[in-house]
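The structure that follows is given in the form of C-alpha cells.
Order as written gives the chain letters A, B, C, D and E; numbering starts at 1 within each chain.
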Amino acid sequence: MEVHISDDEKLFLISGVEQDIRNDGRTCADFRTIVLERGVLSGTNGSCRVQLGQTTDVLAGIKLELESFDPAAEKEAKQPMSFHVDFSANASSQFAGKGGDQYGEEISAAFQVAFSRSLDILPNLSKTLLAEGYRWKINVDLSVLQWAGSVPDACSLAIIGALSDLEVPEVEVAPDDGGKVSIVLKRPRTGGNMRDEEVPVAMWKLDVQSCPMLLTVSKIGSANLVDCSPEEECCIRSQLLIGVAKNLNVDDYDITCIKQHGGGLLEMESIQDMTELASKTAGGLYQAIEKRLKTEEKRKPGHSFLL
Amino acid sequence: MRVPPLTTCEKEVILEALKSGKRFDFRGLEEFRGVKLVVGSEIGTAICTIGNTKVIAAVSAQIAEPSSMRPHKGVIIIDVDLSPMANVSNEHDRLGSKGMELIRLLELIIRDSRCIDVESLCIRAGKEIWKVRVDVRILDEDGSLLDCACLAAITALQHFKRPNVTLEPHHTLIYSEYEKAPVPLNIYHMPICTTIGLLDKGQMVVIDPTEKEAACLDGSIVVACNKRREVCALHQSTNLVLSTKQIERCVKLAMSRAEALTAVVSDVIKQDQRERSAFKRPDGFSITTPSLILTSGTAAARQINAPRIQHGREPEEKMLYQPSVIVNENPLSVGSVKQEEVDEDALIAEQLSIIQNSVGGVAVSDPQSSGVSKRKKEKEMVDDLLDGICDSEEEEVKTEILGSSEPMEVVLPVVEQQKDEEDVTSWRKKKKKV
Amino acid sequence: MAGRLREMRCELSFLKNADGSACFSQGSTCIWASCSGPGDVHASKANEEAMTLDISYRANCGDNKFSVLNNIIQSTLAKAINLELFPHTGLVVTIHGIQDDGSMGAVSLNGACFALLDNGMPFETVFCGVLIVRVKDELIIDPTAKQEAASTGKVLFAVCKGTDGFPEVCSMDVIGNWDYLQLEAAWSLAQPSASAIFEFYTSVMKRKHSVDEH
Amino acid sequence: MAVYLPGDVINEPSSSDSSIIGYGINLRGEKKVVTQPGAFRSDEGKIWLSVHSKRYIPQEGDRVIAIVTSKTGDFFRLDIGTAEYAMISFTNFEGATKRNRPNLKTGDIIYATVFDTTPRTEAELTCVDDEKRARGMGQLNGGYMFKVSLNHCRRLINPSCEILQTMGKFFKFEITVGMNGRIWVNAPTTEEIIKIHDVINKSEFITGEDELISLVQHSYTRSVSG
Amino acid sequence: MSIISEHGFRMDGRRPAQIRNINTRLGLNRNAEGSCYLEHGNTKVLCAVYGPYESKASKRLEDRCAIVCQYSTTTFSGLERKNRPRGDRKSTEISRLLEKAFESVILTESFPRSQIDIFCEVIQGDGSNLAACVNATSLALADAGIPMKGIASAATCGIVETKPIVDLTSREETDLLPRVTLATICGRDEVILVELQNRLHIDHLSVVMDAAKATCADVYECLAVVAQQHLKACAPILGN
C-alpha cells in the first residue's frame, strides 16, 4: 500500500536510521512487539495468529490430508509441506480481487524454497511417511489480515507457531488385499465405558526447534535494519529475504536461502553484514519463541483470539 | 452499442399511470402477459414467449467423468448466451454482469432446488455419468427475462429424452432412437419463476413488468414455486426495503401463477407426445405466421430448371477464360498504367515464357492462342454430364410431384416419409464403444 | 437439368430491440437473424475509415465456434455493403440457427440479407446463399439434412446481383473434390435458384411496402 | 408502385435524366442504381425511395427529438439514436445569453433541427432558425415520448395522411413527431396519453380509411383496465 | 440423528429459539476507515470498510455512491480445504447480495461519484456465514461513521417438523433443511435481504419469517449495545 511521505520526512528517517535510532525509538536490530496466539481455530489441525506491532496481522492454519503418491515417480522424497500465502482484501483495498495474488505467490515460493530441506532439518518430520505410497500432506495456509510491512517475518513466526500447535494422529498400517494398504487411526486401549469412536485418538507433535525462518533485512542509506514499518519501506534502497535455520548439532545458524526482494544495488560486503544481522536476530527470535511455546495456553472458556 | 437512456418524462408518466393502476399495454397491475410455448421438432428444445421476451432453451447430454466427491451423481450445467439480437447493448460471446446474474439465478432455481433426480443420471459409479447441458439463448428482451428463461429451460428438460444405455462388463452400449426408445429425465417437480416488481417502498406490487416499467420501479423480487405449493427460491435482486407481509403476499401471487403455468407446460408436452406417437412429423419452430400480417411472405417450393449452357447467352467478355498464371494487375490502375507497373508486366511476361519452355508439353493455355477447338470439347463433356442427371429414373429427388405450383400451406417433402434410410445420421446415433 | 428449392417462409421486424430482424425458413431449416446498426462501437474495435462488422452464427447448443460460416457471411457482407459510407461505426449481425434440417449455410446467408433489407441501411447489392451437394455424382439444390449427410461433396455459393443484374459469385466454400466441369454445372444450377430467391426478396418487400400505397 | 432492392437499376418512364436524385438512389455513370430497399416515388422532377427502417441516419434540415445526456463545458451532449452523440451549444436556444443559460438536466428532451453533419464529427443541432426564433423548437416539458419506425413518422407528418386528423376528432392532444422515429405526446390525463400511444402504434399497418376510424373509436371507448 | 432432541435441545445444547453468543471487537484494522471482528459461536468473520473515496471511472455513478463488496473465505475456514478463497460462483453471488442489501441501508445520495469498499473475510465458517457477514458489515460501517438508515441485523432460520430453529450451525445446515436468511434494519419490519436455501412449503413461510424477524430484533439488541459501548469507550478520546 503506497504510504506517501514527503522528502524531508524521508531525509529525517534516513539520517536517524544511520545513527541507529528509528522513528518509533527502536534500534536497527529490534523487532516490534510480537503477539503470538496458538490453537485459535478449532476447525484446523494446527493454527496460530501473529500480530506485529498492532498492525501487521497474519493467521496461519494447517490442515492435514492423507495423500497417496507413486513412490517410483519421485526420486528423492518430496517434502510434505505445501505453502500458500493469501492477502485478504481486508489488509488494503489494493488486494481486492486479484490484487494480492502476485505478491502472495512470491512469498509462498520463498517459503517453499526455505522449507525444501525440511525432511533433514526437522527431526521427526519423516514420521509423516506412513507406508509405501502414502503420507500425510501438511497444507500450511496463511491469510494476511492486516498489512504494515515485514509480512514474511510475521508469516514465518506464524508457521512455527502453527507447526508447534499441529497434532498429527497416530496411524496403524495394515496390509490389505490387492496390494493396497488400509490406514486405521490408532486408539489407546482404555477398557473404559466410552464407545470406540469417542476414545481420543493418540496424537504426536512435531519438534520445531530447528524450523527455518524467513527474515527481511533492508538497507536504508548505509544501515541494515530488520522489521521495517511502511514509512521505512518507502525509503529502502534494497531488501533481502534471508532464510535462517537453527543447526541443532553445532548450535549455530545456517542460511538456507537468500532472495532479493524488489530492485536495488548491493555490494558484497553489505550482503555479508545483512546475513550476520539476520542470523543474530534469528537467534533472539528462536529464544523468544521457545519461551513463548513453553508457557501453556491458559485461556478462559469461550474467550477467543483477536479480542 | 449504446441504448438510448430513459427520459424523465417517460419515467414520470409511467409511474403516474402505475400508481393509478394503469399500464401502457392495458394490463391490470396484477395481470400477466400472454405466454406462448412451442416445442421444437428436435428433442429437448423449446421456445418460450412472454409478451415480447423470447427465449430458446436446448438440452443436450453427453457422457462424462463424475467429480471425485460425488462419484454416483450426474451433473447439470446451465449456460446462458446474451446476444445483441436480444438487446443492442450486449456483445457476442461476452457474458456481462447481467448474464452472470441470470446463470446464478437459473442454477439456484433448477439445480439447487434438486428438481431433477441426478442419481438416475449415473451410468457407472465413479467412471461414467450423464452430463446434461441446458443452453439458454436470449432472443429478445422486454422484461421478466428470468421467468421466460426458466420456463423455456423447464419445458426443454421435460421434453428431452436421453438415449437408452445398457451396461456391459467392459463397455457401455448407447442405443440410437431407432433401436431403443430414448428415456426421459426423471423430474420430481417443476419450479416456475416469477419476477414481481415493487413500487414506493414495496407497498405497490407490479406483476410481470416490461423493460421500460422495470427501469422505473424501485426494485423487484424473484420467487420460484412449484405446484406442490413449495417455495423453491426467494431472491431480492435490487436495493429495496420490504415488509415480511409484503413478501408473503408476493409468494402467494407467484404460487397461483406457478399452478397456471405448470398446466400450460404439461399440456404442451402431452400434445407433442401425442403427435410423435402418431408418427406425424411435428413442424417444430417453422414459421406458422398468419398470412394477413403485411411483413410476412411465403413462396412455395418451386422447380428450378437450369438451362443447358446456352452458347449465346454469356456476353463474350464475361466468359473471359482466365490464363492459368494469373497476372495480378491492380484493377484500380486499369486506366493509368504507372511506370513501374510497365516493367512489372515485362517481368511477368518473361517469367511466363520461362515457365512455358521449362514445362514443355503441358499446354499452359493462353486464351487467345488455344483457339475455339478446346472450348467446344469442354462443352460436350459438360452436356453429357448434365444429360446423365435428367434421364436417371430412380433418382432420390422426386421432382415431378412437386411440380404443381399452387402454394401449399405446409409442404412436407415427400422424400422423408417414405423410407427411413438405415445410415440416418440423426442426432447421436453412433454405436459408440467407450 | 432440374432441381427443387424447398418452400421459403419469412417474417420481418418481429423483434422489439433489433433495428432489422428476420425469421427465415427454407423447408424446416429455420433461423432468426437480427441486424443492428450503424451504431457506436467500442473504441478498441473502432476503425477510423470504415464500419466494423461483428457477425456471429450461434447454434442451439454447445459453444458457438463456427469460424467457417462466420467467415463466409463476413466476406459476403463486406462485399455487399460499402463500409466506407459510415466510418467509425459498427454493424452487429446475429444469426441464431433455431432448427437445422440441412443447408444451414445458405439459409443463414438468406436470413442475413433479409435482416439487412429490414434494417433499411444503404448497401450495394442483394445477396443470397445456395448450397449444392453431389450425391452419387448427381447435383441437388438446397438439400435436407439426410441428403447433405449422404453427399460426397458440397459447394456453398454466396451469390450477389452483379451490376448487369445477373447473379454473380462473391464467395464460395467447396468441400470434397470437385473438378471444374462439375463446379460449372453446379454454378449453372445455382444461378436460377439465386434469381428465384431474389424474386422472393422482392415479393416480400413489396408486401411490406404495400402500406405506402396511399 | 414499384419496389426496388439494392443493386437494381431504375428505368422508370418518369425518371427522366433531368430529375433530381433523392433518398436511396445513387447515380453511377448515367445509370440510377438503388442503394436502399424501398418503394419508388416521383413528384414533379424529384425521384426518391420511401425506405422502411428503424435506425436514424442524420440528414441536415431534419427536425428531431433529442435526449440530453450530459453537460460538458458550454455544450449539451444529446442522444438522437445515432452512432455518435449530437451536440448543441447553449447559444442555439431562443433568448439565450452568456448569463441566462437554458437549464436542461440529464433526461430532458428537446425538439431541434440538425444543421451540420460533417462526417467524423458529432452532429450539431440548433433550436433557433436564422432569425434566432424558436418556431416551436426548444425543450418539451411533461408529456410522454416513445419510439416508432422512421417510415411511420414520415407517414404521420405527410399532409395527405389523416391519422392525426381522425384522432383529433376524438382526443384533445399535443404531438411532436421527430424524424428520428421519436414521438412526443401530451394530453390532459395519463389515460388519454396511453390511448393515443396505443392508436399511433397500431396505426402503422392500417391502410384503409374506415379501418382507421374504427380503430380510433374502439380505443377511445375502451377503458384502460385497472 | 434428529436436529432437535426429544427434550427440545439441539446438538450444541441450545434451545431452538436461542442464538449463539456474539463476541465483537470494533476498530481493530488500522488501515481501514472502519473494521469489525464478529463471532457467532464458532463462525468468525472479519470485515473492513474503505471509503468513501473517489471511485474508478468504470464504477462511477452520477447521483449516488457505488458500493463494491467482496466476500471471501480463507482456505482453512470450512471442513474441507478449498484451494481458491474467492472468485467462485457462490462467493460472487453472496458479494452481490451484500452489495444490494447495503445499497438500501447506506444513504448513498450523500456521496455522489464516490465509492465505498466493503470486504468480508470468513476466518472460520460454522453455519449462517451470510448473516454473520451482514452483522459484521453493519458494525464496520458504524465504526467508519458512514450515514445509514439504521444498523442492519441478520439471522438465519430453518424449520424442523414445523418448528422454527434459529442461527443454524454448519452441522444443522444439511441439504434437506429449508432455511431463510433475513436481514432487517434496526430490528424493525424493514427487510433489506432475503435468501432461501432448499424448498420450503408455503404454509411454513409465515412461521419461518416471524421467527427470523424476531431473531433479527434480538441480534439488533446485541449489535446496538456493542456500538454504544464502542462509542462510550472512544468518548474520552473525542474529548467531550
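The definition used in the following text is that contacts are C-beta pairs under 8 Å (C-beta built on N, C-alpha and C of every residue); 3 or more make two chains touch, one makes a residue touch a chain.
All values derive from a computational prediction rather than experimental measurement.
The chains in contact with subunit B and with subunit E alike: there are none. Of all chains, the one whose Cα centroid sits at the greatest distance from that of subunit C is A. Taking the mean of all protein Cα atoms as the centre, the chain whose own Cα mean lies nearest is B. By number of C-beta pairs in contact, the leading pair of chains is B-C. Distance from the centre of subunit B peaks at A, each centre being the average of the chain's Cα atoms. Centre-to-centre separation of subunit C and subunit E, using mean CA positions: 55 Å.
In whole angstrom, the spacing between the mean C-alpha positions of subunit A and subunit E is 32. A separation of 35 Å divides the Cα centre of subunit B from that of subunit D. Counting only residues that touch two or more partner chains, subunit C has 13, 19, 36-37, 39-41, 90, 208, 210-211.
Residues of subunit D in contact with two or more other chains: 106, 205. Which chains touch which is summed up as A-E, B-C, B-D, B-E, C-D.
Against subunit E, the residues of subunit A that register as touching in their complex are 1, 41-44, 47, 54-55, 59, 61-63, 65, 84, 86, 88-93, 96-97, 139, 141, 143, 145-148, 302, 304, 306-307.
For subunit C in complex with subunit D, the touching residues are 13, 19-20, 36-41, 48, 80, 82, 86-90, 117-126, 160-161, 165, 198, 201-202, 205-206, 208-214. Taken in their complex, subunit C has these residues touching subunit B: 1-19, 21, 23, 25, 27-28, 30, 32, 34, 36-37, 39-42, 54, 56, 58, 60-62, 64, 90, 92, 94, 96, 98-100, 135, 137-141, 144-147, 149-150, 181-182, 184-185, 188-189, 191-193, 196, 199-200, 203-204, 207-208, 210-211.
Interface residues of subunit B, counted against subunit E in their complex, comprise 100-101, 103-104, 107, 112-114, 221, 225-226, 229-245, 247-248, 251-252, 255. Residues of subunit E that touch subunit B in their complex: 89, 92-93, 96, 100-101, 103-104, 180, 182, 185, 189-203, 205-206, 209-210, 213.
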